[in-house]
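Chain nomenclature is as follows: A, B, C, D and E, assigned in order of appearance, with residue numbering initiated at 1 for each chain independently.
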């Protein structure tokens, strides 16, 4: 058994090799590149299955305790960082999902991307991405996980901006990169603090009871270190998994090719954040009512608001993007309530049906585009649902696969989504029963159930708009079912979307997955690791809500005519506008962060360009004086004349100093770095002496 | 005896370094740099690291210095102009460097290191070889990848895409 | 060396009037004398004798007589040249970069002399037995390259500059296969110490075991010392002598000393690494019975080998035409370097096969064929077979390339074979 | 300090005396009659046209570049060669990978035409 | 008599400071690079000196120094290639004129 597990390090190697070979050798040959990528991930899939078999045969010992292969990285004195890999039940479950979904998507993409001038490069990038994701899953320590995390971030950037001729795609890539970077910095800070306290970043060493106790017992800035680290790590997950308030990048990420959306922004990479939180859950849970609470709150907010935005979008992929955000919120709810396995279960099922939906939308877009070419129409946006309609008759395979995916997503019995979403809601419901009305679990349950309704609503709307009624454009009327390489992955995914739920049906052995993956964190007592009994009431409520929502949406949009006003818009009025504009979060960010930064940068650039002491510095100073005078009038007692001068001086000084920072002069940057380091060294020496 | 040798090598090293940063002629700066590198090789000999001394000369003097000289000759118009090489913030730079020196001086003057008086067995080369292929094997392989990447990057950057080039 | 120092120390101890502490001063005296002989006798002599030899041998090859007026067989001709160098006017052209212009020739000469520090001349006679000896030679070579670059750049002459660039390109190109060949030698000997390498050739000179390595080393060394057919960086007809065109009088002499000493060093180290250095018939017996006799015999054997190597170098110069620069660089990068790498790996593999269970008292992992080690001779045979294999593979690859080549002439040659 | 290196220092110092002494001797013996014509650059007799320090081809730089890479490689291979007989067989595999990557670098340069003398 | 550790450290600090000054105060990209090399070398001296005086039986300090040298070589190769490329574009390697990053 252990011999099979020894294959683990090979899993990410194949896609990496594919990447290297494509980049350096095969990039002239499109077909070869695609086959290399598919072959690489195919080998990974096979290896993963062998490893999973090893894990199953290894029994409880391997599944719960994990098997590890430590590979020392550069030993520096006493510090030995590990590049080790490990397998346990949780990893094995992920290893079932990740390579399989990747493989199907690669096959799909080999047809979808045909005719693209950078076809080979696409496959190099996705191979690199697969390498990152697989490494992340098998990493047995935070350091390797973080490296893989960053590799994926890079791939995400490259792939979102893959069609960089489009300004919007270029910007979306940059936005995704920068937004997730905020989370990454937080995660990295968390890792640093963690390391400084524990001197290790390997999971199984971190989760030893004494280590966790030490972390929860030590205080830093008034809160337990474990909570602080957890929140920082969660910050990383918020960025990667597009949780509120860093969710803004995900919808824009739909500028990338559709297989990328399916692969990265639905099935795998965004779930890396959830994976991270699930992996680190014992740390979150060690302090009761600590960081976990925030995970649940953020999850609930995201689950609900993501779904509300989803109902007002017209772009087929954006609807799915908001759906993804919302579903990730569900996972966070589950984890935040301590339901480790509920979250993981939903992560697995979601990957399949969301990949299915995205690929389905991809083949719809492909078909509509094809139709548009057919009628020589170059203005119709092939992604806009308002331009579709009546596609059911033209593409039956895709439609049926899409129906399965939708049913799984909104939780129709007995498809995958039903079981996994139900478990999350049951978890919340049970805890609500314990904690009482208006408690956090209650709100989580409410958000989840309302979210489920909205999910069903927008999916019903989408199905109605896309597949039913009459074609609203010529392009839609001439749409054509794409070839086998695109439809067969859809059918395979549909199969899994339908059946994957059974690995954790509560009636079979009390949830098979629970025994397989659920005991990874058995050492941590704060988590709910036992299977949750099936809650009929929850299931009935959510089923009614889902069916109701779906038929409402379907009925409203089924026969929408071209040019007709959106029925929901008629009903909701200004609320719809707010939703359509995504609560103006992007605009808010623009107003709060981006514009001032741009302005500041522009100003600084101007300052520097002239270099002489600029009148604008004085203006800033004067503004400072004026604002100081105004504030002085507000509370004359606090701010006296000295304060005014101080404020003025402060602004003057800031203006003067800031212009140095953005000069574009390498030397200035270097000087800044040197001075900052010097200050840090000085502070360090000073405090050490103290 | 050894302090005297140390002193000579210090003059070579630090004097060379000072020459690098003070001379106006970039070509001389490179020659001073070579002098400094050679002094450092002497340092390594004094530190019982004979192999490292040779590495210092082979890589720095034999390879990097040649690269730098080539680069200077490639961008020679700048070199022959003999205009001051200092930028506008040199005063601040000097102050920073000086402060850094005095702050860091606190370390050797105050810290008590856990010194050891053992004498190495003298088979440093075998130890190095075993370490490269043993505990440091991942960095060892990564170095080759790093060199590969550096070579590819540098060739792509340095190669002239236009064919008009006077020899 | 130690023996010499002890002998001198004993001698000095007997002279009671000697005022200093005997042992260290004996060391210093021996060192100074050894260094002085190397620098002041061997180096100028190398230039004088080698120029004469070269002219004489080249002349014979070209069916001429060569220098024959001054002294018997013209031996004083070279001496006269040396005196001429000393007494000629030293012209420093205007516009040169004086500092670098003056340092460069000195650097060239000193760098060439410095490698003799690790040359094992006879049993026990070696300047200093550095444990990084081979690598030391490589390191010192770096200064030679720099000297060329400095000379060319500071001369303020287009020809000199072009010559210097070409020289540096050539030197760095051939440094790579040379270093790879040296790594192969180190691998076989298991040590970088030159003395150990000579000692390790007791069971067969490395010339027998790794002839291909010898070929690579010898060819790249020819290029390193700018010998024909690799002498185009001073191609008189094209570059009016290359990087040292602006040098005259004694500075020119220094550069020439550097070059000829370099040539002598190349021949010496070829002998040390591949021809067994001071090894020869009965030398092991002599080492055991009489150290003095061993030293004398070692010198004799060593000088014979060095003389032979020098003769080969001159012979090649007289026979082969000059390379074109692109061919020259291609030859290094596209042929010698890959060949040297392949050779290195094959040698490493064969060594592992034959590795005995112990070496110098340390237990080491034994190879699968360690039974065939046979006191080193089995290994030697294995290495030889490995070399032959590499040669066969390389010639097959080259042939395949030649067939596919766009060069019609090359294709014709390949087809003819 | 490693005593073996002391002799290297001695040899270097003594060897420095050769150019110093030689130049000194030559300075005593040689005539010194400079004139403007002698001091001109050694070319075909006409004054040099254009800047003397011509800019040269970037190919030279690229050869130096590849050389740097192989030089650093040698630094890692020498200790390996010395310790080779104490290393297990898989060390040969590791070194083979190391060399293979660098051969790949060489092959890349070759394919890109960086080794072509234009 | 062996040289005490603090001598090495002071010498290395001085070298590092000189390199830092070179980096901060030069406007020529190649000169900045040379300053950088000096700083790297100062670090190497520290590494080897600590290794020699604290753990003389191991060669860790030397190993790290060798890795630093390898990285410095790669860095110099790429940096100089960039400088050459920039020079070709702009006929200048004065970093004060290379400020298009700010836009």
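The rule is simple: a residue touches a chain if its C-beta (ideal position, glycine included) is under 8 Å from a C-beta of that chain, and two chains touch if they have at least 3 such contacts.
Quantities reported herein were computed from a predicted structural model and do not represent experimental measurements.
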**Message:** Using the contact definition given at the top, which chains are in touch with both chain B and chain E?
**Reply:** A, D
**Fill in**
Contact-pair count is greater, between A-B and D-E, for A-B
**Asked** If you average the Cα atoms per chain, which one ends up farthest from chain B?
**Response** A
**Complete:** Note, CA centroid farthest from chain D's centroid sits on chain A
**Prompt:** Centre to centre, by mean C-alpha position, how many angstrom separate chain A and chain B?
**Reply:** 44
**Computed distance of Cα centres, chain D from chain C, in Å** = 15
**Request:** Could you give the separation in Å between the centres of chain A and chain C, each centre being the mean of its C-alpha atoms?
**Result:** 64
**Fill in**
Residues of chain D that touch at least two other chains are 1, 4-5, 53-54, 56, 58, 60-61, 64-69, 71-72, 74-76, 78, 81-82, 84, 86-87, 95, 99, 102, 104, 108
**Message:** If a residue has to touch 2 or more other chains to count, which residues of chain B qualify?
**Reply:** 2, 46, 48, 50-51, 53, 55, 58-59, 62-64, 66-67, 70-71, 73-74, 87, 89, 92-93, 96, 100, 104, 125, 127-128, 132, 136, 139, 143, 147, 150-151, 154-155, 158, 160, 167
**Message:** Counting only residues that touch at least two other chains, what does the list for chain E look like?
**Reply:** 2, 20, 23-27, 60, 66, 69-70, 73-74, 76-77, 80-81, 84, 95-96
**Request:** Would you please name all pairs of chains that touch?
**Result:** A-B, A-E, B-C, B-D, B-E, C-D, D-E
**Complete:** Residue set of chain C touching chain D in the complex reads 28, 31-32, 34-36, 38-40, 43-44, 85-95, 105-106, 109-110, 113-114, 116-117, 127-132, 134-136, 138, 153, 155-159, 161-162, 165, 168-169, 172-173, 175-176, 179-180, 183-184, 186-187, 190-192, 240, 245-246, 249-251, 253-254, 257, 325-326, 329-330, 333-334, 337-338, 341, 344-345, 348-349, 351-352, 355, 359, 362, 364-365
**Asked** Can you list the chain E residues touching chain A in their complex?
**Response** 20, 23-27, 32, 60, 64, 95-96, 98-103
**Request:** Report the residues of chain B in contact with chain D in the complex, numbered from low to high.
**Result:** 2, 5, 45-46, 48, 50-51, 53, 55, 58-59, 62-64, 66-67, 70-71, 73-74, 76, 80, 125-130, 132-133, 137, 140-141, 143-145, 147-148, 150-152, 154-156, 158-160, 163, 165-167
**Complete:** Listed in rising order, the residues of chain D that touch chain E in the complex are 1, 58, 61, 65, 68-69, 71-72, 75-76
**Complete:** Interface with chain D, chain E side, in the complex: residues 2, 66, 69-70, 73-74, 76-77, 80-81, 84
